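There are two complexes below, and they share chain A, which is joined by chain B in the first and by chain C in the second.
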Partner chain A sequence: MNALRTKLTNTESVSGWTFMAPALAGLLVFTLAPILMALWVSFRDWNGLVPPGQSSFIGFDNYRALLFEPGVNRTDFAISLRNNAYYVLGVVPLQTAIAFALAVIVNQRFLRGKSFFRTAYYFPSITSSIAVSLIFLFLFQRNGAVNAFLGAFLPLDNINWLENANGVIHNVLAGVGVERPAVLADNSIMGLSLWQWISGPSVTLLAIMLLATWTTTGTLMLIFLAGLQNIPVEVEEASRVDGASPLQHFFRVTLPMMKPTLFFVLTIGIIGTWQVFDQIFAISAGGPQKTTLTPAYLVYREGFRNFGMGRAAAVSFILFVIIVVFTLVQRRIVSPDEQ
Partner chain B sequence: MAVDTQPAPAQLPGAAADSRPPDHRQPLWRRIAKRVLGYGVLAFFALVFIFPFMLAIITSFKTRPDAAQTPLNLIPDPATLSAFEAMGQVNLPRSAYVSIVVTLSVTLGRLFLDSLAGYALSRLDFPGRKIVFAVIVATLAIPGIVLAIPRFLVLGQLGMLNSFSGLIVPLAVDAFGIFLMKQFFDSIPKEMEEAARIDGATIFQTYSRVVLPLAAPALIALTILSFQGSWNEFLHPLIAAPSDASLRTLPVTLALLRGLMGEGTDFPLLMGASILTTVPVAIVFFTFQRYFVQGVAASGVKG
Partner chain C sequence: MDTRPRMLALAAPLTALALLVAACGGSGFQEADGGEEAAEDGATDVAEGDGADAGVDLQLMGFSSSPAEDEQLSAIIETYNEQSSNTATFNPVPEYDTTLQAALAGGEPPDVFYVDSNRLPDLVEAGTLMPAEGQLDDETDFYPSLVEAFTYDDQFWCPPKDFSTLALQYNVPLLEEAGISPPTDWDELAVAAEALTTDDRAGLVLGTEYPRWGAFMFQNGGAVTDEGFTEMTASSEPNTAAFAYLEDLYANGYAATAADLDAGWPGEAFGQEKAAMTIEGNWMVGAMRNDFPDLDWATAELPVGPEGPATFAFTVCYAVPSNAANPEASWDLVNYLVSPEQQLEYTKNFPVMPSRESIADDWLEANPDLEPYLNGATYARPFQFGPGFQAALDVLNDGIQGIAAGNREVDEVLEDTDEAGQPILGG
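On to the complex of A and B.
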């Protein structure tokens, strides 16, 4: 019996590694090794044209150029961080709130046609990011659908969405008579004046933010819906029997029960929005006036257009760190009890 | 998974309210108001999510001046197929071919490799299993953009830049698929496999004849996610075939096409190409909808 068991265990070891080997090899060569190589490249002056071994080791110079040395590299990186920060601040709350609200409404028992609405909302999420970017390009034309829709409700001239570098917060400040106060214009962080930091997203970036929200909401709604349907019926009924009003029920029962799902949705939202690339590539290529430049697009532009692979790799590592830090900080804020 | 995947059963009016006494106690006008409001919000968002596609389809049958001057007219005047005829001149048929080859290869690769690996992680007790699983979960967290440059480097070193293998192989294994399959295998009972092993089947026979048929729902979910993911993938084909126009997938060709047009954007062509790019995924989506929903829900609940 012992001999048989040993034999079985041996077969399992051999089979286990045999089954595992192809997938593991693929991940090692195309995911794990590349991460280490990216780290290595970020300390070198590699242009992407010669074999990387022929490039010279330059220590932290790439990181220094991005974070500390005055110059176009640092300014561009600061601009990309600013743009992406506004993008995250706008898209994540908006898509989470709309998705949650839609999930709660679709989940109401007195409404029918669940599967139709679910399908309609989810459909944009499965389509090619490039294809929907081009469709939005058409919608955001000056005489396009978006302006026509807004014009029906608000007394607005047709907005120039796609070539508009004006910051949204700058526009609002200008509306109340604030123009470049000296204290903001004369102080700067990473080569970008405080006035530039508080610009808000440009109108063009705002259009891309609306596109991103439109694309992602359906997926998040499905995740919320699955979470809502996992709430035990007994909990629902207990709260109703106790006479909770719908609002009380929502804040005291639904929301606390949905906390893990909410945390998950916020996390994937933040991870996704810090990597925005496809839509930028297709719609604005970083313009106008660099107001849609993001770290991910900067990686592509520096690496594959400006032949600064080392610097681009450094950008991608800083971005990686940003994403990890945001995820960890958020875990502490949203669910401190799960530490 | 408590996901409601069945269409709502046909109910008599009022049947839903009867199952919930408190709702029944509400005055009639409030119940009607709630429904009107609920359906109003749902219908508004359905329009927001679907109308752009309808407008794109309509626009693809318009002439360029018509699309530019009256972008909101819902009837093309005159209706024309010139956008679709122009697609041959911008290499779209070739890109469609590349997309199909890449998508099918990647999907088949993932089905085979992910299910093998998922099975090993779920059922086979081999030394180092826990570490391997931890590594796979960790790679889930690596952002795609971080991999762009080093993958370009690795493909260059292996001589795979500008080749079909470079487009396919790096995507043919994915950590999420392995994770999905492992979770599914964990959830099905072991008895049938044990019976097969006692009857003398080898591990591979047990896997291919007993386990895989049981895993059909997970395999379908994986097929759909892989199909959609690799069909829509943009960054990888962009960097893996940087200098060979005959190896561009549809998303890459579409994005570059827009860049080439500049001011005189040919919207009927762009809309037509966008819609055609959407069609294959749409067909798969509408055919296997409930598996799509399960796949997404699984990612959420497990997260």
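On to the complex of A and C.
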């Protein structure tokens, strides 16, 4: 009996692996091998102009240049981390909140034109990000629609959105009379003064953040919508029978039941925002004054423009670590497994 | 429970497979050695076949600035194919730099490709190019400033394909209205920029990048590094004064960036008459002809600075890779492309200028309006640094943006540039 079972599982696993082989081979060749190769490259001084085998092994020098050695490389990397951190802190909460709100709205059973709204909200997500970026370029021009809209409500001069390196927090501080306190200007981390660290996103980066929020919200709404529709009607009825008000129902029933979905949305949000590239490539190319430089764009710039493919690979692995850490911390906070 | 150990047992061969795949990838990368052998073989083949008689396929990889340019180049290549036993094809690619880099890293680059003077040092340093020494007909005919742009490590690497220089473009009616003639020196430029500035127009629209502002450094006797590329000289007096001059223009609103004027690039702002003057290169001709055909504009040489005239020359060369499969055939094609007849044929209908001095007059006859650009050739400097200098250049460019926006100090920017550049020069 036991022998038969062993035999059966054996044949089962053989056929199982056979069926998986094509997908597995693709995964190995197109995913795992490039990752391992990139890891290997990150320990070499490869300039990307000769076959990588001709480069030499330099140990942790690429990582050292990015993290510890004073110089342009470390400063640029620090700037890219700062920019992207503000980007993540701004975009992830905003897009999650808006997407959730939209999902709750289009999930109403008695909403008219439900499918119209669902399509309309989802539309930006299926449009090419480059095309969307180009349209935003027009919207955010000095005489563009955004300024026209803001000008109608606020007494503002036309804002220069697309080439404005001033940090938002710096602007606010300047508004209340704080200008470069010496404590912040004289102390620095990774070659960047504390004053520069707290600059906030530049106005241009802020425009890109709005764009990113607008494009991704639709996808996230769809995921939330699927989560909401997975909540059994019985639960809703039960809470209503128990006399829960709509607000109580939302916070005590809907929200807890959406925890796994929320976790998923936050996770892909964090991963996506730490990898922002195409909007920056199309709109600002890292400028003005490096305020839209992000690690992902730095990878491209170092690898293909500054001939530092090894350093570019090192940036991408540090970025990988950052994303893992952020996801773990976020998991701690949301804890999707507990109900 | 039962399947656990089995999964582990399977994990081992899988890991091995992964390593194998990785190793294969690695060895695939290292094929360059084989490629070089092939190159030698190829060379002997050609020799045995008595030069061009053997007939090989040649790939010319480049980028294209307009469909008309593609057509013209393809036509010339067709004539080459008719008179040679080799068969050449022109392959214009988008995202050129990236594509070229991938081709070089793959170990089998195209037989001939474009190299920008700005990227030459890095490519030479990486050992990817074959020197042009002794491969070219009439080497002395090329403009010395262009030969200099493709000379690195005391070697001449590749012949210039054509070139452009910076000049001053101005809006004819606007200048007439204001009653001023095209400025010829810095003082006149400042006066003209002020006189031409109105509430909805800037006198001068000027790009905020080194290949524009650097011309003012040169005109004032400055430069970012010394001649031998051993010492940073960004924060020297001539540069500070040149940047301060430009800073004033922006601070007073007489000069503006393209973004200030809601344009994608200075030429667009100039075409929309949001600015009366700009400083751009030969490409303005094509751009204005296409986008703003009704604009009445003209070109003058760049205003002369306190230390004399200076401008930038932007140029691209035809390079042959160091591991070319058929070096003789490659150089044969290059020689044909840069021969006086073909170059004239190619540049005559375009705003770009031929790189050979001997055909300058013929070209000028076909393009009399473009004389200011051609005159620049005698005092032009190449846009070029050394390997790895791009990082320092980024610092400078950011600083220039900051100076124009009014949020950075000239001294600080130039000092930062020196600080960023010195380690790259090895000091």
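The definition used in the following text is that the second predicted complex is superposed on the first by the 312 of 339 C-alpha atoms of A that agree within 3 Å, B and C clash if a C-alpha of one lies under 4 Å from a C-alpha of the other, contacts with A are read in each partner's own complex, and residues count from 1 in each chain.
Here is the rule we use: a contact is a pair of C-beta atoms (placed from the backbone, for glycine too) under 8 Å apart; a residue touches a chain by one contact, two chains touch by 3 or more.
Source: prediction; values computed, not measured.
**Student:** Looking at A:V235 after the superposition, I want to know if it touches chain B, chain C, both of them or none. Which is it: first, second, both, neither?
**Tutor:** Neither: A:V235 stays clear of chain B and chain C.
**Student:** Would you check which partner chain A:F304 touches, where first means chain B only, second means chain C only, and both and neither mean what they say?
**Tutor:** Both partners.
**Student:** If we overlay the two complexes on their shared chain A, which of chain B and chain C does A:Q54 touch? Say first, second, both or neither.
**Tutor:** Second partner only.
**Student:** May I ask you to name which of chain B and chain C touches more residues of chain A?
**Tutor:** B
**Student:** Based on the superposed arrangement, let me know which partner A:E163 touches: chain B (first), chain C (second), both, or neither?
**Tutor:** second
**Student:** Touch check for A:A145: first (chain B), second (chain C), both, or neither?
**Tutor:** Only chain B; A:A145 stays clear of chain C.
**Student:** For A:A312, is the partner it touches chain B (first), chain C (second), both, or none of the two (neither)?
**Tutor:** After superposition on chain A, A:A312 lies in contact with chain B alone.
**Student:** Between chain B (first) and chain C (second), which, if any, makes contact with A:V178: first, second, both or neither?
**Tutor:** Neither: A:V178 stays clear of chain B and chain C.
**Student:** Would you sort A:T119 into first (chain B), second (chain C), both or neither based on which partner it touches?
**Tutor:** first
**Student:** Do chain B and chain C touch any of the same residues on chain A, and if so, which?
**Tutor:** 9, 13, 17, 29, 32-34, 37, 48, 52, 141, 143-144, 304, 309
**Student:** Give the list of chain A residues in touch with chain C in this complex.
**Tutor:** The touching residues are 9, 13, 17, 28-29, 32-34, 36-37, 40, 47-54, 71-73, 76, 141-144, 160, 162-166, 287-290, 304-309.
**Student:** Quick check: in the complex, which residue numbers of chain B touch chain A?
**Tutor:** 1-4, 7-8, 11, 16-17, 19-20, 22-23, 31, 34-35, 38-39, 41-42, 45-46, 48-53, 55-56, 59, 69, 71-72, 113-114, 116-117, 119-121, 124-127, 129, 132, 135-136, 139, 141-154, 169-170, 172-173, 175, 178, 203-204, 207, 228, 231-232, 234-235, 238-239, 242, 250-252, 254-255, 258-259, 265, 267, 270-271, 273-275, 277-278, 281-282, 285-286, 289, 292-293, 296-297, 299-301, 303
**Student:** Which residues of chain A touch chain B in their complex?
**Tutor:** Touch list, chain A to chain B: 9, 11-17, 19-20, 22-24, 26-27, 29-35, 37-38, 41, 48, 52, 98, 101-102, 105-106, 108-124, 126-139, 141, 143-145, 148, 214, 217-219, 222-223, 225-227, 229-230, 240, 261, 264-265, 267-268, 271, 274-275, 277-278, 281-282, 285, 295-296, 299-300, 303-304, 309, 312-313, 316-317, 319-320, 323-324.
**Student:** Please name which positions on chain C make contact with chain A in the complex.
**Tutor:** 2-3, 6, 10, 17-18, 21-22, 25-26, 29-32, 97-98, 101, 104-107, 122-123, 125-128, 257, 259-260, 262, 387-388, 390-392, 394-395, 398-399, 401-402, 405, 407-408, 420, 423
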